[in-house]
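Structure below; questions to follow.
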Amino acid sequence: GLPANASTDDAEPTSLTIAVSQEVDSLSPFIAVRLLTTNIGRWMYDFLTNYDPKTGETIPALAESWDTSDDGLTWTYHIREDATWTDGEPVTAEDVAWTFNTMMTDPAAAEANGNFVENFASVTATDEHTVEIVLNEPQVTMLALDVPILPEHIWSQVDDFGTFNNDTDFPIVGSGPFILTDYQPNVAITLEANPDYWRGEPKFDQLILRYIDDSDAQVEALRTGEVDFVFGLTPAQYQALQNEENITVSAAQGKRFQAITLNPGARLQDGTPFGDGHPALQDPVVREALVRTIDRDAIYEVAYGGLGEANGGYIPSRYDTFHWEPSGDEEIGFDIDEANRLLDEAGYAPGGDGIRVGPDGRALSFRFNVHGDNPQYVQAAEMMAEWAREAGMELRVEPVSEVGSLLDEGTYDILTTGWNVNPDPTYILSINLCSGLPTELGGPYLSDAYYCNDAYDQLYAEQLSELDPDARAEIVKEMQQTLYEDNIFVVWGYADQLEAYRSDVIASMTPQPDPGGNYYGQDGYWSWWSAVPVGEEDDAAAGSGDDGSSDDGGSNTGLIVGIVAAAVVVLGLAVLLLRRRGATADDRE
Amino acid sequence: MSESIQSAPILSAEDVHVEFEARRGGGRARAVDGVNLDIAPGEIVALVGESGCGKTTLARTLLGLERPTSGRVLHRGAPLAYTSKALKRFRRDVQLVLQDPSGSLNPRHTVYDAVAEGLRIHGDVPDERERVADALSRAGLRPPERFFLRFPHELSGGQRQRVVIAGALVLEPNVIVADEPVASLDASVRGEILALLLRLRDDLGLAALVVTHDLGLAWNIADRVAVMYLGRIVETGPVEKILTAPEHPYTQALLSVLPEAPGSPVVLQGEPPDPTRIPSGCRFHLRCPVLASSAAAAAGVDDACRGTDPGVLAGGTATQVACHYAVSLAPSEQSP
Amino acid sequence: MALLEVSDLTVTYRTAGGDVPAVRGVSFALDAGQKLGLAGESGCGKSTMALALLRLLPKTARLTGEIRFDGEDLLTMSWGRLRAVRWAGASIVFQGAMHSLNAVQRIGAQIAEPIRLHSRAGEAAARKRAGELLEHVGLPARRADAYPHELSGGQRQRVMIAMALACDPKLIVADEPTTALDVMIQAQILTLIESLVAEQGISLLMISHDLSVLADTCDRLAVMYAGRIVEEGPAAAVFGAARHPYGQALAAAFPRIGDPASRRRPQGLAGDPPDPAELPPGCAFHPRCAVRLDHCDAVDPSLWPAGSGEGARAACVRVLPDDGLSLVPAAKESA
Amino acid sequence: MADSALPTAPVPQLAQSVRDRSGVRRLRYYGEKLGGSLVSLFAVILTSFFLFRIIPGDPVRTMTHGRPVSIEQQEQLRRDFGLDKSLAEQFWTYLTGVLRFDLGESFQYNRPVTDLIGDRIWPTVLLVGTSVIVSAALGLWLGVRGAWNHGSLGDRVNTGVALTLWSVPSFWLGLILIVIFASGLGWFPTSGMESTGVEGWERIPDVAHHMVLPLVTLVAVVYAQYLMIMRSSLLDEMGSDYIVTARAKGLRDVIVRRRHAVPNALLPTVTLIFVNLGFVVFGAVLVETIFSWPGLGQLFYSGLSVPDLPLVQGLFILFSAAVILMNLVADLLYPVLDPRVRP
Amino acid sequence: MNGLVWARRRRTAARFWSQYRQNRAGVFGLVVLALFVLTALLAPVLTADNALSVTRPPGSPLQGPSADFLLGTDRSGRSMIDLIIWGSRVSLTVGFWATFISIAFGTLFGILAGHFGGWGSSLLMRVTDWFLVMPSLVLGVALAAVLGRSLTTIIVAIGVTSWPTTARLVRAQTLAVEARPYIERARALGGGHLHVMSNHVLPNVMPIVLAQTTLMVGSAILTESTFAFLGLGDPTTASWGATIQAARDVGAVSSRMWWYILPPGIAIVLVVLAFTLVGRAIEGVLNPKLRER
């Protein structure tokens, strides 16, 4: 029941099939938190703003433009007039207001993105195309409100947002470049191009997400052409596919860092210690010595097949504004001799079995809990254990399925961890605040490492109120340096994102950042929206005119150019503001 | 109650009843339904009867392997205690020999182990080897050393039964209870084993209760015979008397169907009766040829046959019969 | 003419432990309407012989000799012809009725099966005949719907007999038909067999280890020992006045109640039954023989007319002229 | 069978009461079996409650899994899941839930576990059902052939192949089949249950096409069991006296086999098939995962990796219930097939 | 006497062996098994000191077969042959220990349940039944979560979930043995429960247990690989299952690294098959009814 695509009426519909393995948690944007479903949400529903594919800066989307009051508490968004729902209704300010108001009033609707509206005082549609949001306090994420705007005329009929999964009526009414037309759980999800999308119709008629659990099976399916796009390749697969005909591989700089955390003594906010972390790790010398035994380069060379970047900075180098890395003397690099020297000096003499014993008589033998399902972590852990042994420390690698409980109870010495980092680093920085520690035993908390350093907290507060982007970036870098020097949250580096697609199906696609970026999991829908089927390259080049003439209220080249231009204009503004990324895609393990 | 001036019974059953929860639902089986039986030292008693009449159950009860539902078992005049210690002591004195010698021997134990098992259980270890050798040679396995390390499957049936008997003898018991000791053996071998039992009685003064369905066997070795029918002893007395001049119609029928018996066989119709449903009156009356032939009616006991239980026979060595008809013919002979 | 004529039949089982000669040259004849009893102790080859008669032995058995049934040699007969002879010509009653009946088929169907096969009768006719047969052996026809386990041992044996009668065979082979049964039921079954056989003029080959039972039922008796017939003759002659020491011992093993000779004097045969795989040289019985002669381990006598009664024969050196010394090989003589 | 029935000749006038009693006995037998199953089921329900509570870790933490959730949100979830209640209360809620077929809400799918199971059960039933039918048919057929010609070359090859396949880890076999037949030769799709966009009747050949490799994998590792059981029970039967009787009746070999030996030998095999069925469902976890077959096994695997406790718990109950049910069916079926054990 | 007993035992063993030898498949299984056991025992001798090192491996990661590394290298640059050799240690250890637990429990409970009738036995059997219906993998998951992912966990999980099978088998055999007259005879001789169980039941149950043991080692090794596949194994140990899993982790199948995926699988198949063949051969010798098969 889809409006046929005019340009491909006669031909077989072109489709782009992506192999996925993650399950759908919900198709309701109020609930969906997984990478897959938040991505689909982006393709189905427009947001107020979007990110530029090249730079990652904020650009207009549903909101054509916006104003903010001087005190930064009132934000007014001007909603574009040419946006329509796929059932023909126009997208209005009412829809925007309804979406936010629902999240503010109904806890069930706040499940996924509630953190965006926590600070909202009111959201009102002042007219059909203007929304006004009043805040309680200034908020940095106002231009990164990654919240899908929902059609009020449909969603207002839902009784219980806690149980509504938006997967009963197809096609699902949306406003994005794609329309979700079919969902067979764990078989496939089908999206079709929205011919009326204001930014222009996608070139592929269909976007199909096909479930293939096994990563080897995914690659085999790519080889046979059953799917056209595969992501999350292993280095070996990447290398194997590199030389294959009709397949293009891509290694993009990672958004994610890999790290270990050393238990500095788990404690509550009031300082009450708990858990049974090894006391020696509270000694900075031991921590430094331990970090000295880690050969980051070797890890990326071996475990990641050379497809990644060894780096100690907290924010991946992909985000060069905020990225910091130690230079020269700052570096606590691989030096086992130094580690031995440090430990000797500090009085950790080797015991009978070659393992050093602390002054308190406890051997430097640490539990090292590794995510058992992450082969690279396991491999790196095994390497670290061997290195540490050379410095007289024992790391007992204990793979676990889930580290949450160890963290809860503070019953670990060393843990592996890793976070996806979004363009705005606020959230990822906040997890290391003292206020992230639990207030009571078993109570909720944010911390990932029981890190608590007043100097760091101080800097965090400073960067929150620093409006000058460069100055803010400086502070953020300083925070990273503090974190680095404390040797509690020890980042190894950033693995590349490895993807491959069939070049006999997809002629071109826009990566993010462009060039050299990734296709899947973008902040935006650029790759799929821009993907050009093989054989339609010419259409695509000349095609915008076509689209303009055949689409009623659709987009045209001019508009796109305008938007891009507007995006450039907005760039400055965006940098001015601290953005707090709605970290729906943050996916810590 | 015993008329005999022989020494007191070494093992006796006193009004023993044994009931079982019948196998597939359906009430209780009165496998032994009131039995008095005495075994005097040096006496061989044969217990004969049809399949399922309760012979084995009675034998097991006498050995303390089954507890009587009511009544008691007396060992040298003292009631049997069922504590494990008392039973263990009792079992030095009373031994069991089973029908199937192949089954009675653990296929993984050597002859030596099998014979010495009793000694080991009772902790008599010092001269074990001599006693095992002695028991084996008594049982006719000579020279015993040749058999020590054989496994049961390397022996013939007769030899196996001798091993079992040796295993019983090694504890120097006074009574042997043999449950169909030769039923699974070839006719030619059978005689040898029976001769062995007789010899043991003569040499060692062993008393024996031999359970069998073979009347010829009783004739071969027993002093006294007790005929059992459906949980009761229906006729008992010296072998010569019971097997040549039986009074109970059941015993008569049993004898008449022996191949070499004179006259036409009295084949009882129907299957062996069911211990879960014991008829009232005389338990044999439904199949009784005397009752059927109206001889009983002529003697005027037919109502008694159908309605009155002839009662439980007493122990001792006297000739007794539990039959209204037989009693009516010779009332003076009967003790109540 | 004899209905069944077995001459020089041998059966050898091939096993992992070597060849087992279970039947070693057996010859006998059975006339129509005659009842022959075959006795012998366990393992002497009785069942093997019975099965050999219809070539029912497992593949590991090798047969030689000749079995003439109604003039045809069963050993060289085609399989098709043999199948026709089976049951319709000669049927078998086995000892263990529980195991010889298919436990999951109703007995009626099992009786009807050969009827339908051999007389090409229809389903209904076969069922009817099965019912009649059951009545014939003293079971109500409605028991045709019963499964074997619902019957008692005696009843099952009757079913086997009814089944054996199903195709009006000329010969019934009864292999220990009463061994596991109680005295009283044994008597019932024997009476039944006797009357049926007499009534229909069927020949009977009855196998048992109980010489007294056979003597009571059969016209003639044959005694087997270690795969050979060692004594054969009219029933009374064999049971009452056997000439072979084994035959004598076997007869004596069954006491006569009331006979003071056997009172408190059980008669047995010393020694162990022979193992067919390792038979002693010469007369297989000589190690257990009480009247053994010196040369018994060298001479293996064959059946020789002996004893009272018509056609009575025995295989013992003592019945031979000059005690069979003429048969002793030269080597032995000089030793 | 073991307690060989004592000869019980019903005296005619007692026949009626015997029949009544057998009715009662039958009822009692079925009652006992049913009761036993219910007890087992209850034990499983009980176990699963405690089993999944000894697992360390806080489900809410598992759920919120690195999302920027505020502390209030975490507490709200805790309330939603009833984790703030006492253990007894939680158990009661759980128990009443299970009795109403409410197995809770999956963490990762945000849907009732029962719904998820409802979605996924049919692909599993299709795959497992077909595999059981195919492997039973194949196993039984080869088993019969093997037993009848036992010791022959064909029999030895057959047994050898079956045992070898039985020794193969099924997931490994699946991978290799994919490499050879899907990506190498391109005969079959690499994974999934159907192609996208195929509608109507065409779905049948499409699904069949997708099912070939998973089916082969499943059958390959399972059929050996049926083969071995059938072969050995048939060999058992072949030595029986009633087979000699049947041959003595003049029946042809094929008939003896078909009418007497096989039906008797089938008895133990059939029960095995049913008892196995419950486990095969579970064995499908590996194959479904390798082939991305959208069934319960794959669901279970996905639940394992989170771990999604309500889901895993629900499937645990389901799989156990399947085994219990199949055992019950086998128990109830056995008397139908074998008159000897009829109550 | 003792000497005689030993001579006797030797004779029994010789007879056992002469019968066993006739089963060609069994002999094949035994040879394969002996090779693997030998390999496992000699692993330290057969491989270099740094064979298992991940920081100083002998080769570079994921190399194809070459003269230096006949079966190529793993993701850390270790020789696949060395890994398989060491893997035999782990896999066999897991197999043996899991089987030991399973057999010990199963035999104990089986004999107890079979020997003591009554409600105690029914209760015990209910418990076994209940263990029988518990999906073993789920139990394994729970155990893995509680005990942590380690070989011990896997051993315990396999042992704990597989003992009911043995228990049922042993119970059935115990019941059969208990029905034999020699038990009655032993009781009549004055033997108590312990005597009957240890002197009569146990020796007669042992053959079944022995055959079951061999069969179970194989299936334990298979189960171990399954656990590894489900991500419940300990990826730091070099069991064959873990090696297959490591191969899957690097995408060896789709990267066409057959040398990484085939050898551990083939090793599993061979060992499991060998155990199965040996188990069946032993069964055949011990149970003459089966011998013809």
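Going in written order, the chains are labelled A, B, C, D and E, and every chain counts its residues from 1.
The rule is simple: a residue touches a chain if its C-beta (ideal position, glycine included) is under 8 Å from a C-beta of that chain, and two chains touch if they have at least 3 such contacts.
These are the chains along with the protein names UniProt gives them: B = Peptide ABC transporter ATP-binding protein; C = Dipeptide/oligopeptide/nickel ABC transporter ATP-binding protein; D, E = ABC transporter permease.
From a predicted model like this one, the values you see are computed outputs, not experimental measurements.
Graph distance from chain A to chain D, where chains that touch are one step apart, equals 1.
Ranking D-E and B-E by contacting C-beta pairs places D-E first. Relative to the centroid of every protein C-alpha atom shown, the closest chain centre, again from C-alpha atoms, is found for D.
Per-chain Cα centroids separate chain C from chain E by 51 Å. Once the centre of each chain is set as its mean CA position, chain B and chain C turn out to be 32 Å apart.
Averaged Cα coordinates give chain A a centre that lies 90 Å from the centre of chain B.
The multi-chain contact residues of chain E, meaning those touching 2 or more other chains, are 145, 231-232, 248, 253-254. Each of residues 271-272 in chain B touches at least two other chains.
Chain D has residues 5, 7-9, 56-57, 175, 178-179, 183, 301, 305, 307 in contact with two or more other chains. Across the interface of their complex, chain B is touched by residues 41-42, 152, 154-155, 182-188, 191, 209-213, 215-217, 246, 249-250, 252-258, 262-270, 272-273 of chain C. Every residue of chain A that touches chain E in the complex is listed here, in rising order: 214-220, 223, 233-237, 239-240, 295, 298, 302-303, 305, 372-373, 375, 378-379, 381-383, 386-387, 397-402. Put simply, chain A touches chain D in their complex at residues 17, 21, 23-26, 31, 33-34, 107, 110-111, 114-115, 118, 165, 184-188, 190, 208, 210-214, 216-217, 220-221, 223-224, 226, 373, 401-402, 404-405, 407-409, 419, 427, 442-446, 582-584, 586-589. Those residues of chain E that touch chain A in the complex are listed here as 53-56, 61-62, 75-77, 144-145, 148-150, 231-236, 246, 248-257.
For chain B in complex with chain C, the touching residues are 50-51, 156-159, 186-195, 198, 213-217, 219-221, 239-240, 243-244, 253-255, 257-261, 265, 267-269, 271-272.
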